[in-house]
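Each of the next two complexes has subunit A plus one other chain: subunit B in the first, subunit C in the second.
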Partner chain A sequence: MTSPAEADTEVVQARRPQPRRGVSLRDAGPPIALVVVFGVFAALSPGFRTLSNVQNVLDAAAVLAVVTIGISFVLMMGSIDLSAPGIMGASAITVALLVANNRNDNDLGFVGIAVAVLLAAGLGCLSGLALVLLKVPSFMATLGVSAVGLGLATLLFAGVQPNIADPMLEGWAVERFLGLAHLTWIALGCVLLGWLVQRYSRLGRYAFAIGGAEEVLALSGVRVAPYKVAVFTLAGAFYGLAGVMVTSQLSAGLVQAGRGYDFSAITAAVVGGTLLTGGRGGILHSTVGVLLVTVLTNGLVQVGVSPYWQGGVQGLIVVAAVAAAVIPQRRRNQVTK
Partner chain B sequence: MKFTSRPTAAVLGVALAAAALTGCTETAAGGGAAGGDVASGACDPADVTLVGQVRNESNPYEASWLDGGDAFAEQVGLTQERLTYDGDSTRQQEQISQLLAGDTECLVMNILPNGDSDTPPIVEGAEAAGAYLVTQWNKPADLNVADYDSWLSHITYDGVESGRQIGDALAEAIGGSGGIVALQGILDTGAAKDRFAGLEESLAGNPDVELLDDQTANFSRAEALEVTKTLLTKHGDDIKGIWAANDDMALGALEALQQAGRDDVAVVGIDAVPDALTAIEEGTMTATVSSDGPWQGGIGLAIGYCVATGELAVEDIAADDRAWFAEQFLIQQDNVADFVSPETSEADFACDNLFSRSQGAIS
Partner chain C sequence: MTTNLQTGPVPGGRTAPPALEVRGLVKHYPGVKALDGVDLVVHQNEVLGLAGENGAGKSTLLKALVGLVRPDAGEIWVRGERVRLRSVVDAANHGLGMVFQEQSLVPNLTAAENIVLGSEGPGVRRGIYHWRTMRRLAQEQLDKIGSHIDPLARTDSLSFADRQMVEIAKVLRIEERTSHPPVIILDEPTSVLESKEIETLFTQVRRLREFASVVFVSHRLDEVLDVCDRVAVLRGGRSVGEVPAAGAAPAELHRMMIGSTGSDDHYHDGLAERSEEPGRPRLVVRGLSGRTFRDVDLEVRAGEIVGIVGVHGSGREDLCRALFGAEATTAGEVQLDGERLDLSGTRAACAAGIGYVPAERKTEGMVGPMSVADNMTLTKQQARCSGPLVRPRKQATLVDTWIERLSIRTPHRGTAIQRLSGGNQQKVVLARWLVSGDVRLLLLDHPTRGLDIGARSEVYRLMRELAGSGVATVLLADSLEEAIGMSDRIVVMSDGRATTEIAAPSGGKPTPLDLVKEMV
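Up next is the complex of A and B:
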């Protein structure tokens, strides 16, 4: 009896998972790319390497960071989310109409912000419900919710731009703490919160597991559907906050507050290593991606690349960065679709 | 591959040539046939249907355009059908097809085509159905209004002129010398190109004004905010003025200036959106240019209405008035009050006064 048991133990020890070389390289790729891109721009442009420009880059990354955190949870799950423009628009107009503004006599201050974020979470929840109850693929469900959000925003907009007069909300973009705008600190708070949720909460861990192997999770007795809805709701709340932040920056509620953020956030997430296949990457990866994209946008202007070239150059660098990030995966027999 | 593809290419080539030839014949035939339908122009004023179509009402300028259309309709005792297509070319064409499938005998359409390439199908459709059409802003340069009978007129604005006007106003505001930066619109649009060409003309006339940098912010307020912040860190106090190809970008630039604590920079834009007018009133913005949206909404319907009711014959519209630049207005602090709540005047829409704002034919 003893000898087979000993043999088993030996086998188990031999199979103990060893960290693969590729794993560490995959995680290190995007940060290395960030450092390289930063270094290249710093060498080329004296304006780029100033402290005030670094502050500027961090401030500019704030809104994209919050949107990307939201979208990262959905991507980790292996779904896709295109609802950011609509949800941000709805939230931007809502908050602009609820805090002190030029359209009505509301002055709800913080409550107004909370209502806008809740509304956004509700819209996110709608995407999730359409996905799990009606079995609408996330691509279509979220595209539909985006249209609903834009429709809602257009109705509330009613032809007159709401400009905000709330000192707190306006102050978020203007006032600084330790050299960074309040909005940037809010974004940093979101990164921390997102990371904690991903790392320590059941929601975050299941999101990862769903993206990795949903069937295995379901077969082991986990009811997956509620977690999917919760992830979309959480993402919606982040988009809502981002919409509020755009409103603070522009001092006005715009229907188009979130235009283009869906694809820039997906780009940032993927560049950072949160892949569309799900189950990989995470909040910190995506944050690196956001910084990479923002540094790129800023650096190309600082270096003085002609605006006619910038779009193309930016696209090339992004593709190169993603290619570099997935090289370790290409070594294994992984299919790229 | 080479041998199989050659015959294919030949067949394709022949097919294409045939299609092109058929296309030409069809156009010619369509133009001739529809002429008979349109020449009548004897609608009872009460039977005229007025339609105004713009991208969306969430854009204050386009909303004011439709309001101007309503004002004209009220003036002649009718109502205007307000259509919006959310900047979606397909939806625009669907709406037009639906309109043209109905009763088109006394249909008057004042249309803002989504882009240059959206104009030809609208024109062909209106011509075939005999509906009276006026288009504004977008038209391919080689599409000639005079070749059609139903397409009464195309109105647009000289972007070079507006770009130059605000360029000059900016130069004057910074005392004739100093550095400026330019925020361009979507680079592959005619509006962005023309307006920037206007700035270059203005710079040629103001040799002491230096263009430090030009970037694109795609006509977007949010993008202009980020780009301006970056330009402010790049050029710092050298920036005395910001030239923006539209007001949305100018307003984004104003936010960036406020966040950077700069109040010594002059900002100019184009379009005269309400927020820009407020900023000019308050003195934070220097100048903008107005195309007079309500007038645009009214004038297109007025031209169609006058032709439909027979007060104006298509043949009597001068060749120069078939495709023309309309007058635009430079707005600064001294005259901003006149534009804050723009109103249309009945005299502008009288049948003998329709083309009074013409600045000349589109060359």
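Up next is the complex of A and C:
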């Protein structure tokens, strides 16, 4: 018979994880899934495996990638953000009215884009303030801000669609560099920027820590409220840029520019391995998620699945991804709300 | 050995003021006096042990010392200067830091970030991380305690013991805030460690003493005596004395912790009414193992109350939950009246006639905003339901019967349970298992926690009545006196095993000291 002390050692050692840095095996799931899904579609469809289709996939992923980077910071904190459609709409109309267009004589060019992004950041900041000052849960706060953004966009829209005539903004969607649209390069730049923020800024690291154990930050004398507001502001800025990108694609400012992007972005982030409870995942995870979702959408079309099916298929994928992500954490009598 | 007069704990000839002094600290919580005038002195370069039973006020005192609890009265002095601590940062600025019992590290950050969290200094410039500086700062802290942890390892990938080292390294960051030697508080640091790791921790504590003062809190008295210079004892929110650790025996401390075991007569009320002969074995547990308990054998007869006692971490709470199917088991078998019990979930346990009163009444025992009636009939669906529908009249009759039988004081059966007093809430929780009329085994996890004397004795009366009617009861008592007074038999658990069994028939009760000897 083993003595209690020996048995103790066995139990503890069996549970003890190996000290490690950075990524774990669990993080490998989504990239592997991406490779597998890509491989399956490539095998099934000759149209899918052409270079031009791969370029299509990347171009199609650009706007979603920018929105998802923004939302990832919020999700990392364990909050949620549904304000993307409203903020994108407001920013899309704003930029369309500030650059050369058919509604007025403005021709602010790059300044117009910057103003639209700042406005979007301001709207994001509102969500954050409602969260920390009024203690409105992020779900409701951002839903409200989304409505405010749509309202603002509708006011500015005033019944006449602003078509843009700014060559630079129009060029973003059509001109290519190394085979990819400028918008795609902008999205790649955002991925890099987002990754740097997450890895090297206090803001990014604290957003991660807030999702991990907010109370510990308070016990260590850190005021978390400013960081929360800053994260929502940053997310707003990304949505704003995404709104500008949609305007460039459509050559017109639409109130509905951001329609559906809130859920697509949450889908992409979750599929990529960012947990809705916060503290896990990140920009690179989310980027993989965006590619996975885009490849699926594109691939299903290429193999001949009716587009009418796709909404439902996407929904199933989210639920399956979340279920797979929480398997290691399940326990008895767990309360899930 | 030469002793520095400035810092050394030299009895009688001390020149420096104590590192920390607490005078007459008082803290009230609704219904409880957590601290009732505590005095405490910690000298420089001293390891002070703090001992006391659950509820003696240890944790409230510690929280007051790091600014998490504001005392209602009393003073805290640091090195001869009176301080008011409003936050953890305040406390850190005065050189007071605590290693919390539930480890307080952010699991998904690196060890280095946790160590410097909140006081990154040059590690973060204008909001931008300088990982190399960060790593160096953390390494300096880890070097202080001679730890070889990789500062860039993710915290949740470290072992418990390593995480504790990270916490100690983190707490020592307060040295950057004050030029004085710090006071480090270790709250139950050994409860999650294995014996080898405990040795390492003790080495650390002795090392800390070279440049700091340490307050060491543990329920394991042999450890306290082993590592401390002096031990102070709290009981009922008061300081009841202190002893030098050298030469002191655990038994001496036990006596101070428990105090006089005088008038606990109310436990014995009505003992005579009990049938002296318990029935046949009702619950038979053979070799049950789970996450925190191992190879437990237990037998409870019909009409018998069996108390399980043990210190924090003895595994008795998890055992109790496992019997109800709320905690996973890895081996062993449980029989109820000779039938093998399905432990896969709580539904099976309910169906078998097992009732469970959880320790956390407010979060696990009741649904606060729901009515007394709904809380009482939460389990027994048939009583109020026909198919999926509630049958209000049937429910009302049943609930009113039990409100009267248990004399539950509530304005109405429709009153929200959270508006009742604790004792009446607990009666409703108990009644939940009684309405079905076929409860065979009751698992009571601290059924009198937070209740006043009057409410307690009513719960005791109820327990005895139930035992008298043949219900078998497993009791995790709030205090040793309660376990002794209420139980027919007491099982002692220690480190996850049922180690001893002590008979406690009326007229032949053991003393608390008898139990403590077996528990530690």
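In the analysis below, the second predicted complex is superposed on the first by the 284 of 337 C-alpha atoms of A that agree within 3 Å, B and C clash if a C-alpha of one lies under 4 Å from a C-alpha of the other, contacts with A are read in each partner's own complex, and residues count from 1 in each chain.
We take it that a contact is a pair of C-beta atoms (placed from the backbone, for glycine too) under 8 Å apart; a residue touches a chain by one contact, two chains touch by 3 or more.
Since the model is a prediction, treat every value here as computed from it, not as a measurement.
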Check your understanding: Thinking of the overlay built on chain A, is A:Val111 touched by subunit B (first), by subunit C (second), by both, or by neither?
Key -> neither
Point to revise | Touching partner for A:Leu203 - first (subunit B), second (subunit C), both, neither | key: second
Practice item. For A:Val174, select first, second, both or neither according to whether it touches subunit B, subunit C, the two together, or no partner. Key: first
Check your understanding: Is A:Gly212 contacted by the first partner subunit B, the second partner subunit C, both or neither?
Key -> second
Review point. After superposition on the shared chain, which partner residues are touched by A:Ala165: those of subunit B (first), subunit C (second), both, or neither?
Key: neither
Practice item. Could you look at A:Ser220 and tell me whether it touches subunit B, subunit C, both or neither (first, second, both, neither)? Key: second
Practice item. Have a look at where A:Gly304 lands relative to subunit B and subunit C in the superposition and call it first, second, both or neither. Key: first
Review point. Can A:Phe157 be said to touch subunit B (first), subunit C (second), both, or neither?
Key: first
Practice item. With the two complexes superposed on chain A, say which partner A:Ala257 touches: subunit B (first), subunit C (second), both, or neither. Key: first
Check your understanding: On subunit A, what residues does subunit B touch that subunit C touches as well?
Key -> none
Review point. Within the complex, which stretch of subunit A touches subunit C?
Key: 4-5, 7-9, 12, 16-22, 24, 199-203, 205, 208-209, 211-213, 215-217, 219-222, 279-280, 331-333
Revision key, fill the gap. The residues of subunit B that touch subunit A in their complex are 56-58, 60, 63, 184, 187, 213-216, 220-222, 225-227, 229-231, 233-234, 251-252, 255, 258-259, 273-275
Check your understanding: For subunit C, which residues are in contact with subunit A within the complex?
Key -> 68, 87-89, 92, 100, 104-110, 113, 117-120, 124, 127-129, 131, 149-150, 152-154, 156-160, 162, 170, 194-196, 294, 326-328, 345-346, 495-497
Study note, to complete from the structure: Contacts from subunit A onto subunit B in the complex sit at residues 47, 50, 52-53, 56, 59-60, 153-154, 157, 159-161, 163, 173-174, 181, 246, 249-252, 254-257, 259, 297-298, 301-302, 304, 307-308, 310
